[in-house]
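Before any comments, here is the structure.
Chain naming follows the written order as A, B, C, D and E, and within any one chain the residues start at number 1.
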Amino acid sequence: MTLLTIKDLQFSYSERGDFTLSVPRFELNQGERVALIGPNGAGKTTLLQIISLLQRPDKGNILYDGGEIKSRADILNYHRSTAFVPQRPSLYNRSVQDNVAIGLKIRNISPDEISERVDGMLKALKIGHLANRNALSISGGEARRVMLARALVLNPKILFLDEPFADLDEPVRRSIIEDTLPILSGSGCATVFVTHNQDETYQLASRFMVLIKGRIIQSGTAYEIFGNPASKEVAEFIGIRNIIPAEITGNDNDMLRLSLSDSIHFLYSGAKPDTNKVLCLIPPESITIATDPPQLHSSARNTLQGTIKKVIPSRYMVWLEIDCNGVHLTASVTHQSVRELGLSAGKPISVLIKATAIQLLPLT
Amino acid sequence: MTLLTIKDLQFSYSERGDFTLSVPRFELNQGERVALIGPNGAGKTTLLQIISLLQRPDKGNILYDGGEIKSRADILNYHRSTAFVPQRPSLYNRSVQDNVAIGLKIRNISPDEISERVDGMLKALKIGHLANRNALSISGGEARRVMLARALVLNPKILFLDEPFADLDEPVRRSIIEDTLPILSGSGCATVFVTHNQDETYQLASRFMVLIKGRIIQSGTAYEIFGNPASKEVAEFIGIRNIIPAEITGNDNDMLRLSLSDSIHFLYSGAKPDTNKVLCLIPPESITIATDPPQLHSSARNTLQGTIKKVIPSRYMVWLEIDCNGVHLTASVTHQSVRELGLSAGKPISVLIKATAIQLLPLT
Amino acid sequence: MNEIFDIVRTSLEVSGLSLIIAGVIGIPLGVIVGLSRFRGRKWLIALVNTGMGLPPVLVGLVVVMMMGRSGPLGFLGLLYSRTAMVIAQTIIALPLVTAFTIAGIQKIDPELIRQTVSLGATRLQFFRIIIQEARLTILVALMAGFGSIISEVGAVMMVGGNIRGETTVLTTGILQSTRMGMFNQALILGGVLLAISFIVNLALTLIQQKRTDHY
Amino acid sequence: MNEIFDIVRTSLEVSGLSLIIAGVIGIPLGVIVGLSRFRGRKWLIALVNTGMGLPPVLVGLVVVMMMGRSGPLGFLGLLYSRTAMVIAQTIIALPLVTAFTIAGIQKIDPELIRQTVSLGATRLQFFRIIIQEARLTILVALMAGFGSIISEVGAVMMVGGNIRGETTVLTTGILQSTRMGMFNQALILGGVLLAISFIVNLALTLIQQKRTDHY
Amino acid sequence: GTNVDNKEIILATTTSVQDSGLLDVLTDAFRKETGYKIKAIAVGSGEAMALARRGEADVLLVHSPKDEETFMQEGFGKSRATFMYNYFVIVGPPDDPAGCSQTASAKEAFARIAEKQANFISRGDNSGTHKKETALWKETSASPKGKWYIQAGVGMGQTLLIAGEKKAYTLSDKGTYLAFSAEGGKSKLALKIVRDGVPDLKNNYSVIVLNPDKFPKINPAPARRSWVNLAGAQAFADFLVSPATLKLISEYGRDKYGEPLFYLMGK
């Protein structure tokens, strides 16, 4: 069921002409979790503020539960049905407990129920011990938890979260992402959230919207966005590290032949784009590394020879920067592969790229 | 060369008795990058403020460049040799440019040099277009970049960063982590930074310090911390998701036999702990999944049968929650494995655990 | 001694009541002006700020002209009474209280104001929460207002008439003592006035600073 | 007409100079008190706040007694001069300017203050930066100070003596006109006073609000 | 002796002389004639003498004969000359409920007011006018006490305004009364003169030159032995009683009110 519909939205900050937010249409359904992603300054916070009716757009209609929001009463009703966690924690100069209770107090809930719900929420976010502390003298992550508690305790119909996990520690972040929010969605709550942490978005979002320079450039599932970025900007933003200019130089068994350089040719199994000059996107995770002698994997049809330039270990995987005869590629592999294959800088390797993982964008 | 030495540090917030920060010794060497990690409220920000001389400790000596910091002049000299980026961006009500220039102005650098260095730094952090905007009306990530620019433009000898990358978009974050900071370290700058993003720490830190409840519980390399957490708290905090009570029930070829339940037994190749009742830590990344029939890998000596309960895809890998006869395990695998092995909820699998990856902690 | 006591009581009653009225009007007014964006707002703020420089003598003069027998409100017969003094002092305190409430409100993080709206506060709840949040500045505003009227002499003299046992307050008492050449008595009354002011302010400051130290 | 012009000039000169002195002393004082943590700080703040309620008449009296011929500073022969008026008005404006500077400074994000320290500012640079950051509140403080002294009558009357062509300012002029029954002239002077006050405040408010709208 | 180069004289004067405008005429003339600059501090007679006792003035212009005598006896004054007078007036509601207009003296009028308990506003501030009033009450031996006797510690003009509001009698100097009723366009006084011109309403003004010996210099300062500018003060006192000045005084106010505001002693 569609909870929220936005039509023909237009907004710009009055003093400046260089930023315009423009969203022709946006719909939000019950239980959905929509990730709003995009570079810094793209307008994510602005959009979130507008659709949570905290910033008046220059133009546009907002429909909630099928009815257009017009009167003061509509707005109040909307605010009471939703909850908003801003990018920067903003707490009242009161106790943590009072900060969490305030939305319920505004809704005239009985004191007993308030204290029960608040206590429960504080425990859930592991800040029970802070209940009586002044909210202005707690740590950054504690403050973020209080902000989340204040919103979650309201059982909203729509939850707007602007970078809600930024300074949370790993265990609490995980419990919110893996338990709290899915439970909420299960009960019908729609969530729109902004984050720059791709793991978070990936795990949490049922739909993505990529906002760049005030415009929604692409929207879809994780698979669509990360597997098929709509433009070079999107590809760069989501960290498809290998964006290589190439040319279509021929055909080979239903497949296109891509030339990245005089000596490097790929096979590509997708549709032929309009132009021959293209950008070739290769997601780092779709690159498989093999040590000599090249051991051909079934699904990886393109094999290149290269040398590891740099090994950058990360928490759950390892980045490899590889030089294949002048073409620079970045691959992501597991720690295990690094250990087992003995990957290290300077080592010659084979790079295997699945033809289906490559994506082309017309070069404009 | 040791730049900074802290001895017998003691601090608590005057109004409260429940939090005490206590660091017997801490040394920082030229070019080092030390990650200060720990749960929310552990005291990371407090410690960072103290060692950057922004908070006076109750006790303790601070030596910089071999000399104890005592006089006002020492403090000023220290502040002029270091730079601090706080957890919450705090900008002056001036233009972005002026915000970045202020440290240089304080150091009485010539206007020409200031404008040159500031321009360069703004460009490096891709905020050149904001130069003349008021710093209080920019986006969260833009503000963070201005904060970083203000610190980096000073070419400090020590850089203190408190969650400096929180709301940066992926490309900028990457360029800072992979280029800017390593270059700085290369020129001798020591960095102490706090972050809850484990990828960031892992890539950036040459040394880790785990702070829990005001105490440094463990310090060492990434390998030591993540491969060998010193306590249950550390293990939980760093996200070793599999922390399972077990008992040592016997020996088998130099190896200990661990019983996780009546029917589940592991072999363990490390040293025998003092007690028989232990906690068994299994890093998710050290679990290998195989589809039936169990295909025994050389390095994975322990094989269990289980069923996938949940598949949680993430940006570069996939979490699997697995039930092995009542023992719940979480494993991390690549998207590729998920696709190739057709992993999905409900599927029966074999779980292979390398005996060397298991770590035991005495159960207390 | 007894007379001094009476004078002190009159002072406190008149200035206290004026402050309460000025607070009841000025605080909500300050919140509204501080938070809303409307045409002419800057002018209104300038007007309020100007009000801080409203010469008490002029306020007195206008009140006299309004409430005097031949004035439009003359039929009330309230000139030279405490009521008239309260009216004059309220007029004097109002711009101060309003101006500093505005200043205090404008200092509140806009994010917190947005948060309050997003929590679904009705207008009244919104006011309550924001005022509570700005309570420290509002306390300063009230202190400033109290300070200005308890120590003001021009207007109370003109509209109250400094009638002994009735409208004599500390300041008019001081002035009268001075005029009578009784400098010592003037100093005593001045001391009492300062003592009252100090006690009130100390109490308020302790409350205020207790809370800000948390920050 | 010419006389009114002279009176206006005297008013502006005396109050302007007083405000400048009060600012030069009060702003740094406010910054220090607002930022440092020392014993007795609360008492000092209470004292400053009390100062806002300092009755001008009392200030006048004390200045008369200090600067009168028989007073300790009598040898300067400054009583009944503009200098004496400036001294009295400075005393009146100082607590106001200081108190509101303190309030403004305490509103600055502590993180920003820490940041300023960490940037390696010397004490002087620190002051400059913090004062610049609190410039809006300090502007309000100065407005309040100006408003209080330009409209003050008790002290200037006592220490200046309302000497025609020399120490007559707008307020004492108003009082004198009133005393002489020249209500129209009193109202004219009052209008001029208000106009000055309004123009000064409007200018400052426009500057102030221009900057805060950015936020 | 005192320093002749000191061209500044501080004159502490009763407000009525300043408010009538006469003072400005006199000081301007004096300045033209002698080059002395007068700093005129207009306060009540009470405060004027109190200031003088502290040495804050060089010369006094006051109208409180009893106090003046005490002042002289205490040695604060070097010389005193009563050089002009005018009349106090008793003003009251136009319907004159106490019937003061039928009396032949101020004393009688006060007695009637007390008897009828008609509202009376006292200035209660030790000013010359207040002293006069107190003296008059003493003569009537009626004790001014009760709700009808209102002590407003304010200036003359405002006392008149209060009297108007409260339908009360009061004692005023004539100049202030005339000023307030003449320009009363906006706050026209609801008062009229009910007793005027009788001998016991006579209001004598004196000039007193301060005695420099009472105020020796404590702090060493150049050129002067005493605080008091005796030469200047004396010059002003002499100026006041000079024939030209007296003529000026006797003419002052005639053009505006049709009668002079001050009379010369003995005329």
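In this section, contacts are C-beta pairs under 8 Å (C-beta built on N, C-alpha and C of every residue); 3 or more make two chains touch, one makes a residue touch a chain.
What you see is a predicted model, and the numbers here were worked out from it, not measured in a lab.
In summary, the chains found to touch both chain A and chain E are C. In terms of the stated touch criterion, chain B and chain D have no partners in common.
Two copies of one sequence, chain A and chain B, touch each other mainly through matching residues, since over half of the numbers at the interface are common to both. Judged by contacting C-beta pairs, the busier of the interfaces D-E and A-C is D-E. Per-chain Cα centroids separate chain A from chain C by 54 Å.
Distance between chain B and chain E, defined via averaged C-alpha coordinates, is recorded as 88 Å. In this assembly, the C-alpha centroid of chain A lies 21 Å from the C-alpha centroid of chain B.
Mean C-alpha position of chain C lies 37 Å from that of chain E. For chain C, the set of residues touching two or more other chains reads 65, 158, 175, 178, 183, 214-215.
Of all residues in chain E, those touching 2 or more other chains are 51, 158, 186-187, listed in ascending order.
In chain A, the residues that reach two or more other chains under the touch definition are 88, 137. Pairs of chains meeting the touch criterion are A-B, A-C, B-D, C-D, C-E, D-E. Chain E contributes residues 43-44, 46-47, 49-51, 53, 124-127, 150-154, 158, 161-162, 164-166, 186-188, 190 to its touches with chain C in the complex. If you check the complex, the residues on chain D that touch chain C are 41-43, 45-47, 49-50, 52-58, 61-62, 65, 96, 99-100, 103, 106-107, 110, 137, 140, 143-144, 146-148, 150-154, 158, 170-171, 174-175, 178, 183, 186-187, 190, 193-194, 197-198, 200-202, 204-206, 209, 212, 215.
Of all residues in chain B, only 49, 52-54, 76, 79-80, 82-84, 86, 88, 90-94, 102-103, 106-107, 134, 136-137, 150, 154 touch chain D in the complex they form.
In the complex of the two chains, the chain C residues touching chain A come out as 109, 111-112, 114-115, 117-122, 125, 129, 132-133, 211, 214-215. Only residues 10, 15, 18-19, 21, 24, 39-42, 51, 54-56, 155-158, 176, 179-187, 215, 218-221, 227 of chain E touch chain D when the two sit together in their complex.
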